[in-house]
Amino acid sequence: MDNRNRARMLISCPDQAGIVATVSQFLYEHGANIVQSDQYTMDPEGGMFFMRIEFDLAHLSELHPKLEQDFAVIADKFQMKWNIHEVSKKKRLAIFVSKEDHCLVELLWQWQAGDLDADIAMVVSNHNDMREYVEQFGIPYHHIPVTKDSKEEAERQQLAVVDGQVDVIILARYMQIISPKFLEHYANRIINIHHSFLPAFVGGKPYAQAYNRGVKIIGATAHYVTEELDGGPIIEQDVQRVSHRDEVDELKRIGRTIERVVLARAVHWHIEDRILVHQNKTVVFN
Amino acid sequence: MDNRNRARMLISCPDQAGIVATVSQFLYEHGANIVQSDQYTMDPEGGMFFMRIEFDLAHLSELHPKLEQDFAVIADKFQMKWNIHEVSKKKRLAIFVSKEDHCLVELLWQWQAGDLDADIAMVVSNHNDMREYVEQFGIPYHHIPVTKDSKEEAERQQLAVVDGQVDVIILARYMQIISPKFLEHYANRIINIHHSFLPAFVGGKPYAQAYNRGVKIIGATAHYVTEELDGGPIIEQDVQRVSHRDEVDELKRIGRTIERVVLARAVHWHIEDRILVHQNKTVVFN
Amino acid sequence: MDNRNRARMLISCPDQAGIVATVSQFLYEHGANIVQSDQYTMDPEGGMFFMRIEFDLAHLSELHPKLEQDFAVIADKFQMKWNIHEVSKKKRLAIFVSKEDHCLVELLWQWQAGDLDADIAMVVSNHNDMREYVEQFGIPYHHIPVTKDSKEEAERQQLAVVDGQVDVIILARYMQIISPKFLEHYANRIINIHHSFLPAFVGGKPYAQAYNRGVKIIGATAHYVTEELDGGPIIEQDVQRVSHRDEVDELKRIGRTIERVVLARAVHWHIEDRILVHQNKTVVFN
Amino acid sequence: MDNRNRARMLISCPDQAGIVATVSQFLYEHGANIVQSDQYTMDPEGGMFFMRIEFDLAHLSELHPKLEQDFAVIADKFQMKWNIHEVSKKKRLAIFVSKEDHCLVELLWQWQAGDLDADIAMVVSNHNDMREYVEQFGIPYHHIPVTKDSKEEAERQQLAVVDGQVDVIILARYMQIISPKFLEHYANRIINIHHSFLPAFVGGKPYAQAYNRGVKIIGATAHYVTEELDGGPIIEQDVQRVSHRDEVDELKRIGRTIERVVLARAVHWHIEDRILVHQNKTVVFN
């Protein structure tokens, strides 16, 4: 599909009458045709308003600066947080990974199959194990070891390689905690997959925790990373039924498939500009 | 919640630029505040456009006629099929049932619990079994027997009781085929629950069919009734895992819960004006 | 189905060679035909062994005492916890309920439809609201109010009505905490439905907790009640997808269907002797 | 885990009293310890009996011939179809594939990760596209083109490469119909993944069929291949919810993940001797 003239617009602002009319009128007057729009108001009386619009506009890239300039007036009036993203400008991903490779493999396979509309700019790992696998796809692999003492220096190196090269960071079973300082650079742009149905089983060894609690269903959670461990805005979750027969290793095996699917969905929604974050929650227009 | 000033608008028309802008501008100028809107375009180049808008308008019932009158001009220009429905004007339901009562019980329980925002105007049955159960809720019960020979006459009686009294007919395991003549009066307003995952197992005894085929998952399907048996636009489906251990009676038992849940969802979406029908498909804004 | 000669046997003991052979030989020599058997060994080297056998034996009720007497020798040798239950001897249920009626309604409907193979001996409630509804089924209704000060006395009254009359107690949204003293009388025979996907959202207002955390899936959990609040052995869980659009009331509405289904499954499995409890977990042979 | 002494036994025969006792006594007397057993009787009065036993036996490979020889007497008496399989003797798989690679990639990834306890003996394809990808795993790749005219000759070549080298054939989106002659050699040992929820959408282009019918859930089905197209015994099915927004390409994308998961489960269960086939159905002990 030719998507050179397709754009997406995300808006959040305090709700008031006339927003939809104003925005759609604006787009119409600028020659754009709305292809899809979603909106959600948290509470009609004085709540927050969220909107996602997908539109076609001839000569998009040429008209884009003017469009933003003109829209700024409206945005100002309604106190909007907003952005307009051209669909043809692919987002650049960095995938961070430690030793478990299933989430990385899934993303690379989807990308290679043409299902993931993004550029995988690099893979960053605290181990060297997957270099060969990654490099055969022509993707740069940065091995940045992390020890207790080298953590700060490691993050400096990580920032150096991603800075300006990467729009979103995917923690595809990357088992290191990200410091608040690092997070600042990528607020709501770092997606982690946690191997439990949050908020159950925060922290380490969630499958062992699940086994010990005797749950009948296990899950995985993709969320934006914040300073609170496993506490950031949830993007997507899914689950699978298990039984008393499934010991920890079997839970891990079943869980790997859930993790792959859940993380991939979250990444898709992020790169398709389907997610708005408000306080500690997501609005997902999917 | 006070919903006296809340309305819902459904629109379908050929897609073209400016629809969203025009409609939202119209509502804004008439003092309405859009609370939620959903839209879907089947194909941006020359396809169909579908929209659902929920809005608040002070003095709604008073202004409603004028609103419709003014909107007719726009509707005409865009060749729209459309309607505006006041949320406070509850839809009137007739529930048709034969001998299996689980779907009826579910709907009555939801209605009694205040979860079903509709009026249950009557229950119509070709048997007399559930009269006592139904009448204790204060709901009229019409026993209209159906035999091979009396079918035409029975439908005449049914039409006589529903005519002008009922907005939508729910076939809650009503095991008689509805004639094309009857269907004409309630096009896209008769909802049936079929006890299989359509289009698998069309027709009679679907659980026996499922057992014989050895499927590992069974389901139920709510759809609008058309002349083609079990072939109308699908509104909702759901499924449940089964195993070789589950014989036909067990499939029926499991299936009853799926049927109840699926039918109830479809009824909810219909009475909340969430469903648009195009050709043999539904667009469900849920 | 005539089930007068059908029995179920539950066994748990330390694993060792020869258990299955010994038990099945025993049954064969006593003229029984095994219809179904399930077994599970937690760890082949020195773990626990669990078994459920369903068998037919002509003149069962007459031979039952002798069967138990003879089996005691084997049970002793293998240090078994065990019981033999005649299928035709229905378990007697007490349903405890507070103000939310959906779980009670579900169980009564299944029971009335002949789907629940048990006797509902009584309904016990700290409110009087559902007396009329319950009594129309011919089921005794005990209204035993509970206040902070009367709690101990209330439990005494509850024990007085259930004692000797009831085999299992179902807390069908009964919102009072059961004291350790009461629990002693019904260890692993009190089933509670908790309206969250445990261990997430222990305690009060789980739907509000779920809404605040922004989860994308909600659930319900049926478990045996122990002294630890919402911490007893989990019998069954199920979930349903939700979205940012679902506010607390909508979560409650969706959750009610999950709660009903999950509790009903747990009750079925209990009365069909499908559940063995070991430490804080269940083995469910379903 | 050391599994040199672990074996699995599968039995099907007409039901009669004493089977479990006889078999378990036999194993006990031969020094085996039953680790897990499952059984299922289709109908206690004169139906079929199915059993799966997992047991440990010291010096298994040495004693295996004697065990089979001794068991033949019992098997004869009860008219059993049966086999005993040593867990350490991995089944040899051939994966047949055409152009869609997702199912192949999934199986290879699980195999490489150590999750698939089998040998992948070869990949056979009517195209040459995946040679490089497959050969990097050290797996032989046989490119055997198939045209209308060469079909018979192609199957001859396929049989030549698999004969004696392969225990089970996986059709991982292999888009050629297998002839009855070929099927004879691998009865109930060829597993196909069909990209619909059978029996809905038999034959070609199931996702287009699903789109046209407007279903709200799509699925995939793994089944043993028989002469009837897409009509063989179903091993496993799974589904995923879709909406009116999902056009055919999106259904395919969603479907690929279901296909991968469903096929992988079926392959696992086959290689773990969990599946018994009776007439056109499977008994799956999982």
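By written order: A, B, C and D. Residues from 1 in each chain.
By definition in this document, contacts are C-beta pairs under 8 Å (C-beta built on N, C-alpha and C of every residue); 3 or more make two chains touch, one makes a residue touch a chain.
The UniProt protein names, listed by chain, are A, B, C, D = Formyltetrahydrofolate deformylase.
Quick caveat, the model's predicted, so the values are computed rather than measured.
Set side by side, B-C and A-B show the greater C-beta contact count at A-B.
Placing every chain at the mean of its C-alpha atoms, the farthest one from chain C is found to be A. Separation between the centroids of chain B and chain D, computed from CA atoms only, is 42 Å. Inter-chain spacing, taken between the CA centroids of chain A and chain B, is 36 Å. Contact of a single residue of chain A with at least two other chains is seen at positions 40.
In terms of which chains touch, the assembly is arranged so that all chains touch all other chains. Residues of chain B that touch chain D in their complex: 40, 197-201, 213-217, 219, 233-239, 243-245, 280-284. Those residues of chain D lying in contact with chain C across their complex are 16-22, 24-25, 27-29, 31-41, 44, 56, 241.
Within the complex, the chain A residues that touch chain D are 101-102, 105, 109, 113, 115, 253, 256-257, 261.
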